[in-house]
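Following are the structures in question.
Note that chain A is present in both complexes that follow, paired respectively with chain B and with chain C.
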Partner chain A sequence: MSQRIVVDPITRIEGHLRVEADIEDGKIKDAFSSGTMVRLLEEILKGRDPRDAWAFVGRVCGVCTSTHSLVSVRAVEDALGIIVPPNAELVRNLMFASLYMHDHVVHFYHLHAMDWVDVVNALKADPKKTSELAQSISNWPKSSPGYFSDLQKRIKKFVESGQLGIFANGYWGHPAYKLPAEVNLIGLAHYLEALEWQKEMVKVQTIFGGKNPHPNYLVGGMACSVTLDDMSGINAERLAYVKTILDQGKEFIEQVYIPDLMAIASFYKDWGSIGGGLGNYMAYGDLPTKGFNDPSSFKFPSGAILNKDISKIHEVDLRNDKEVEEYITHSWYSYEGGDQVGLHPWKGESKMNYTGPKPPFDHLDFSQKYSFLKTPRWKGNAMEVGPLSRMLIGYAHGRPEFKEVVDKALKDLDVPITALFSTLGRTAARGLESVLVANWAQEFYDQLISNIKNGDTRMAEQSLFQPSTWPKQAIGVGYGEAPRGALAHWINISDEKIANYQLVVPTTWNASPRDNNGQRSAYEAALIDTPVADANQPVELLRTIHSFDPCMACSVHLYDEHGKHINRISVVGD
Partner chain B sequence: MSKVTKKNAFHHNKKQPHPLPSNLIYNLLVNNLINISMSNITKTQAPTYYDEVIRKGYSRRDFLTFCTTIAAYMGLNQSGIAQVTEALKTKPRLPVIWLHFQECTCCSESFIRSSHPIVADVLLDQISLDYTETLMAASGAQAEEAMQNTMKKYKGEYILCVEGSVPTAADGVYCMIGGKTSIQILEEAAENAKAIIAWGSCASNGCVQSAKPNPTKATPIHKILKGKTIIKVPGCPPIGEVMAAVIVHVVTFGRIPELDRTGRPKAFYSKRIHDSCYRRSYYDAGLFVESFDDENAKKGYCLYKVGCKGPVTYNSCGTMKWNNGVSFPIQSGHGCIGCSEENYWDNGNIYDRAAIFPGFGIEANADTVGKVALGAVAVGVTAHAIMTNVRKKKILQTIENEGKLGESELE
Partner chain C sequence: MKKPVLILGIGNYLMGDEGIGVQMANLLSKEVFPEEIEILDGGTGGFYLLEYFEQYDHIVIVDATLDEYPTGTIRLIRPKFAADFPNAMSTHDIGLKDLVSALQLLNKMPDVHLFVVSIESIQQQGVELTPEIARIIPELRSKVLELAHRLAETKSEFMLV
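So, the complex of A and B:
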C-alpha cells in the first residue's frame, strides 16, 4: 500500500516547487514535480527594443543572475551578426566564472548542506578532534580547537534560546544523517564562513557590471571601457581588485569547499547508487576562448549522452527544428494542434490553460495537467542538464582537465565511475567543475592583461548598435551554460522590434512534468527508488531534488493568453 | 568566550576583532530585526546586541563607536545616538517572516550581500528569521508549521517582509504555495504583523512582470493590503545596505522611518542619482559619451546621451554604491536603467535619452549643451527644473490614482 506525501514548498531553492511522491516499502515508487508560479515574461518582451532584452530576461533569476543577460546579448548579436571584441568576451567569461564560483558554493553550503549536515548534532562534537580532523583535510587556517569551541558555544546558546530561526523544524536527529559530530561542526562552521565569503566573490561582477545582483550587459560588448589613465574605467586598480577576488575565491574552493565535499561524500557513498534517474545528459557548451563563433574553443564542450553511454557523444543543434521540442500534455497551457504534439521553440504556440483545482487544495491530479513548466525533449528524449552533464560530456570528450579532477575524486572516494550517475555524482560534479572554472578564470584574467598590455583596449563593437543599421528581419539563437545547466534563448527581430523571444532554461529540462508518452523528466525519474525512512520527514527526497539545484523562476514558459500568436517566448528556468 | 580561548585560536583569531563600524550592515540587520522595540517581547531571554558584542570580546567603547556610526549613517543628531545605543543594548530580538511570491530572489541575494564580516551573526545571534523559502532548513509541512508558530506566538510582534508581486489574474493561480494562492498567504500573514516591508520593485511597484501587457496582473502588495502602512524599498534589487538600514530604523526606534509620498524611506530615496553622480560635472560642462566605448567613454564623461536614467531616478546608488561601495552602474560605464522607479520597464527604452519621456523636451537643449559648452550650466539647471517639476507632478498624480486603481484591480 503506497502513501502519498506532499512537499510544498520545497525550500532552499530559487522559486516555487511542489513535489508529491508515492512511498511504498520505504522507497519512492512514483513522483510528480510541479512548478507553481508563472510570470509570462516572454509576452512582455514582445514589441520591445532587442537591445533591452538582456535587462528584462536578467530578471528571470536573481540567483543565477547575469546568466540570462549573457545569453540574451548573444542571441541579439547572433541575429545581427555582431562580433564582440576579445576583451569583452574575456570580461564576460570572468563574470561567468565569478557567478559559478559564487553560486556553486552558496548552493553547497546554504541550499544543500542541511540535507547532509545535522546542525544540532554539531553540539556534541569535540572541538579538539574537530580541529585535528579539519587540519588533516585542509590547510585552511580557521581550524584551531578554540575556533571550533567558540563556534560550538554560539550554536549552543542559539539552540537554547528557543528561537531557531532558519534552523527551526529541520529534520535534526533523523537516522539518515550519518556524519560524525565533528564533521557536522566543520560543515556548520563553513556554512557561516561561506556566507561571509560569498559577498566578496560577486564583486567581479560589480566591477565590470556595476552591481550584483543583476549586473549590466551590452549588445556588442561590455560598457566598462578600459581606461588605464582615468579613474572612471577599468584601470590598474580595478584589475588588481579582480585578481584579488579571483585568487581568494579559488583558495576557498580548493581549501574549504572541495575538502568538505569529499569528507561529507565519504560518509554517504551509498548515495552513489541512488537518484540516478534518466541517464541522458546534455550540454550546449560555453566559455569561448577564440570567439563565440568557434565552439571548438569552448572550455565547456557541447553534446549529448544517452543511456549513460559515455563512449558516444551526440551532436546537438539548436537551430534544427527536429531536435528540441516542447510538449504541454501535462502543462497548464494548450496548443491549437492539440495537447499531444511537440513544437520546436521557433514554432511554439500556446495559451495559458489552468485546469488544476481551485486553491486552497490538498492534491493535484497527475493524470491531468499539473505544472506551469512545459516539457522539453531532445529528439524525443528526456534529458538531464547541469554540472553532472557538463562534467560527463567533458570527460567523454577526453578533455584532460575533466578527466583529471573526475578520476581523482573517484579514486579518493574509492567508488566506480558508475557512482557519477547518482545524487552524489550530481553534487560532486558541481564541486569539481568549480575547481575547473576557478582555474580557467586565472587564464581569462591573464589573457585580458596581456591584451591590454599589447595595446588592445577595445571593449564594445558599436557599429551595428543603431537600429537603422539592422536588416528588416533577423533571427538568432543565444546559448550557454547557466550554473544549473544548458540554457538557450531564441529571438526573432522584425522592424527593429522583438517579434518573438523564447527561453528554454535548465530547470525546465529537469523539473518538467511528463510528456505526451508519459516519460518522466529528470526530477521525477531521479526520485524513483530514493529511500524515505520517515514519510513525515522526507530528508532523502530533498537530497535528490537539491542535488539538481532547482531554479524555478526561470523555468516557467510564457504564452499568449489568447492563442492568437505563434512563436511565443518560453522561459524555462535555470 | 574567554580571552584564553581566543589566544589559543589559530591565525585569524590572533587578530583583534574587526572594528565595529566596518561591520555596519549586517550588524544592523541582525540586531535590528531582533531588537525591534516590542515592550511585550521582553519576556524572551534572547541576548541583546550589546550582550553579543561584549561576549565577542569587543569593548563597550567599540560598541558606542558603532552606535555613533549607525546614528551618523542614518543622519541622526546627538540624541539619536543615545537612542541607538539604548535600543541595541536593551531590546530583545524580533521574529521575521519573509514571504516569496512572483520574484527572482534577487532581493534575498542582495540582502545577504550586504553583510559584513559577521554576516553569520545575523543567522545565529541576531535575527530570528523564522520563515524564508530561500534559506530555511524545513520544507513542506514543517516550513508551513514554522510560519504558523511564529504568527501565533508572536502575534502583532513579528515583521513581515515580502519579496515579489502578487498575481491577481485567474483568481490568483499564477502563484501558489502549499496549495494556497499568494493572495491568501499574504493576507493571512499581514493581519497580525507589527510592520510590513515591501522588498524591491516587485513588491513595491510590480516590476518586470507587471510591465505591459501584465499578463498575470502582477500587483504590488500595497494594492492588496489596503489600509496598512507599508515600507516600500524599491530597486531591482534594492542595495543590500539600504535593506539593512531600513530594518535598523524600525528596530531602533520602534517605528517606521519617515517615508515620502510614495512610501519610500526618505533617507535613501529623496535624491536623484544624477544629483550624487560623480560624473555630474561632465553633464554640467556638456561633455557626453556619444557611443559606448568611444573616446569620451574612456574619459568617463556623462552617460546621459546613451540613455542614463539617473536624472529621473531616486535612489542611493551614487552615494552608497553597490556591494560594499565597490562600484555602481555609471561607474562601470553603463547608464542607470532606473530600476527603482515605478513603471520603469514601460518608461522608454534603456538606450533612449531620459529627455524623450513624455513631458520633457530638453533633448534639443542637451544637444546644444554638447556643442556649446559655455551655455551648459544654465541650460542644465533649466532642464533639471523642468524634469523635477514634471516628476513631482507625476508622483502626486500617481498617488492619487493608485488607491482607485488598486481597488478596481481587486474587484
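So, the complex of A and C:
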C-alpha cells in the first residue's frame, strides 16, 4: 500500500516549496518537488540600466541578497570588460565570507537543527551532565551547570506560557530523534546564542555595503571609501571593528558550530547512507585572490563531478551554449521552440504558461507541468549544487585545506568517504566549509590592510562606467557561489539597456522538476529511499530537503496566496 | 542606551503592492526628522532585522497583508506574539514570525506597533503600486508619522523626569 504525503510549504523561511512523496513500506518510492511561486524578475529588469540591476536582484530574497547583487555586477563587468581594483575584490570577498559565516550558522541552528535536536526533550536534561559533556567537546566558556539550569527554567516558563513560538512546528518525541537529552539541551542553548551572535556578524555587510539588509554594490568596484584616517569613510576604527567581528565569527564556528555538528552527527551516522541522490556535483567557483579573470586563483575551485567519481573533474564553461541549458517540459512556461528544447540562458525565455489547477488544490498532475522552476541541466546531466559540491570539488582538486578538514571529520566520526554522498554529508560539508571561509576571511582582511598601508586605496574602476563608452551590443555572465550553491546571471545589453537577463539560481538546480527525459533533479532524487516512520510526521523527509538549505524566494521568479499553511502536512491514502 | 523610535517598512518591492511598506520607508527617508525618529527599509530582512529590534524602544512596522478588509484599508495592530502578526503572505512572512518568536525567547521584544495595509493580491510582478494602494499613501504617511512623533515625545518626557 502506498501513501502520498504533501508538505507545503517546506521551508521555514522565504518562499514556497511544495513536496509530494509516495511512501511504500516505510520508505519514499517517488517524490515531486514544486515551486509554487513565481517572480518574473527577468521581466522587471528588461529595458533598465544594467548598472541598476544589482539593486533589483538584491531584493529577490532576504537571505542571500548580497550574493545576487555581487553576481549581477560581475555580469555587467564581464559584458563591458571592466576589471575591478584589488581592494574592491577583497571587500567583496569579506562581505561574501561574512555572509557565509552568518548564513551557514543560521541555517544549522535555526533552520535545520530542529530536524535533529528535540528541544522539548532538552527540558529533561541533567544540567550537570550537560555541562560535563559541553566541556568535553569544546572550550566554549558558556558551559557551567548553572548556565544550562537557568536556560532550562527560562524555556520551561516560555513553553508554560502557552507561546510555543519557534517550537510550534516540531515533531517532538518522534522516534527518529536519537540525541540524549543533554545533547538536545546544548543544541537549544546554542540556538539562542547563535541568534545573538548572528546580529554582530551581519554588521560587516552594513560597514562595507552602507546598509543591511540589501547592501549597496557598484559596477566597477565597491561604493565605499576605505582609508586609515579619513573620518567619513571606512577608517582604522571601523576596520578594527570588522576584524573583531571576523574573529568572533571564526571563534563561534570553531568552538560552537563544529563541536555541535560533530556531536550531533555521531548519533546519526546512519544518515551517512541516506539521501545521497544524484551523485553529480557542480561548482562554478568563487573567492578570487588574483582578480576574477584568473579562476585558478579562486579559493573555491570550479568543476563538475559525475557519478560520485571524485578521481575526475570536468571543466564547466558557462559561455558554451551546449553546457548549461534550461528546460521547461514540466515547468509553467512556454518556449517559442516548444516544450522539449533546452535554452542556454543568453537565449533564455521567461514566458509564463500556468496550466496547473486553480489554487487551492490537493494534488498536482506530475505527468504535466508542475512547477514554476525551470529545469537546468549541465551537458544534459542533473547536477547538485551547494556546500557538498564545493567541498567535493575542492577535495577532488587535491587542495590541502579541503582535504584536511574533510579527512579529519571522516576520521573523527569513523565513517568512510562514501558517507559524504548523503544527507549527513551535505549538512557536514556546510560546517566544514564555514571553517575554511572563516580562515580565508582573515587572509582577505590582512591583504586589504596591507594594500591600504601601501597607499593603494582604489575601490572602483570608473573609466567604463558611462554608457557612451559601451559597445552597442554586449553579453556577459556573472557567476559565483551563493551559500546554497552555484549561482549565475546572464545579461544581454543592447543600446545601453538590458535586453535580456536570466538568473539560474542554486535552488533551481536542486529543486527543479523532471526534465525532458524524465530525469529527476537533486531534491527528487535525494528523497528516494528515505525512510519515513510516520507519514503524519515526516521529519526524515524534512531532514533531507533541509540539508540542501532550500530557498525558494529566488528560484521562482506572482505568488501563490494559498500556500499559507505553515508546514501543512496532508496524508492521502492511495 | 536604546534609541527611541524606528519606522520599519518591510516587504518586497518586486511584488507590487506587497512592497508598500518598503515604498513608504523610502519615501520617508527623503524627509527630515528629529533625531528620535529613524527610518529603515527592512526589505525582506528576516533575521537580519534582529539587531534593529534590539536597538529601539518602539518599532513602528509598515507592512502589506492579504485579509478580508477592502483594498487600501489601513489598520493599526499591537502584536505581542508571533501568532498576532497577520498573514502578511509575502516571502518575508515566516521570517518575521520567526524573528518575533526569537525576540520573545531572548526576552528582548520591543514595543511594536504594526500598520497593515490590506492589498488585493500579490499576483503581480513589477515595482509599481496599483492606483488603489498608491492613493492611500498620504493617509498612511500621516498616520505613521503622527504615531511616531507621539511615541518619540512620550520618550523625551519620560527622560526629563
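Side notes on the structure shown:
Throughout what follows, the second predicted complex is superposed on the first by the 551 of 574 C-alpha atoms of A that agree within 3 Å, B and C clash if a C-alpha of one lies under 4 Å from a C-alpha of the other, contacts with A are read in each partner's own complex, and residues count from 1 in each chain.
Basically, a contact is a pair of C-beta atoms (placed from the backbone, for glycine too) under 8 Å apart; a residue touches a chain by one contact, two chains touch by 3 or more.
Keep in mind that what you see is a predicted model, and the values were worked out from it rather than measured.
In this superposed model built on chain A, chain B and chain C take up the same space, so to speak, and clash. When the two complexes are superposed, the chain touching more residues of chain A, out of chain B and chain C, is B. In the overlay built on the shared chain, the residue A:G220 is in contact with chain B alone; chain C does not reach it. Touch criterion not met for A:T67: it reaches neither chain B nor chain C.
In the superposed model, A:R48 makes contact with chain B only, not with chain C.
After overlaying the two complexes on the shared chain, residue contacts for A:G356 are found with chain B alone; chain C is out of touch. In the overlay built on the shared chain, the residue A:Q198 is in contact with chain B and with chain C. In the superposition on chain A, A:S331 makes contact with neither chain B nor chain C. Once chain A of one complex is fitted onto chain A of the other, the partner contacts of A:T507 are absent, as it touches neither chain B nor chain C.
Once both structures are laid onto chain A, the chain B stretch out of 6-14, 96-104, 294-302 or 348-356 that overlaps chain C is 96-104. Within chain A, the residues touching chain B in one complex and chain C in the other are 11-15, 37, 39-41, 43-44, 56, 59-63, 65, 110, 154-155, 158, 163, 165-166, 192, 195-196, 198-199, 202-203, 211-214, 553, 558, 561.
Here chain C touches chain A in the complex through residues 12-15, 18, 41-51, 54, 66, 81-83, 87, 89-95, 98, 100-102, 104-107, 121-127, going by the rule given at the top.
Across the interface of their complex, chain B is touched by residues 6-16, 18, 36-41, 43-44, 48-49, 51-52, 55-56, 59-63, 65, 110, 114, 119, 141-147, 149-150, 153-155, 157-158, 161-171, 191-193, 195-196, 198-199, 202-203, 206-216, 218, 220-227, 230-233, 241, 352, 354, 356-362, 372, 457-460, 462, 465, 536-538, 542, 553, 558, 561 of chain A. Here chain A touches chain C in the complex through residues 11-15, 37, 39-41, 43-44, 56, 59-63, 65, 106, 110, 154-155, 158, 163, 165-166, 192, 195-196, 198-200, 202-203, 211-214, 553, 558-559, 561, 564, 566, going by the rule given at the top. Per the touch definition, chain B reaches chain A in the complex via residues 1, 5-13, 44-47, 93, 95, 100-110, 112-115, 117-120, 123-125, 127-130, 132-143, 145-146, 149, 167, 170-181, 184, 207-209, 211-216, 218, 236-237, 279, 291-294, 297-300, 317, 322-324, 326-334, 337, 339, 345, 349-351.
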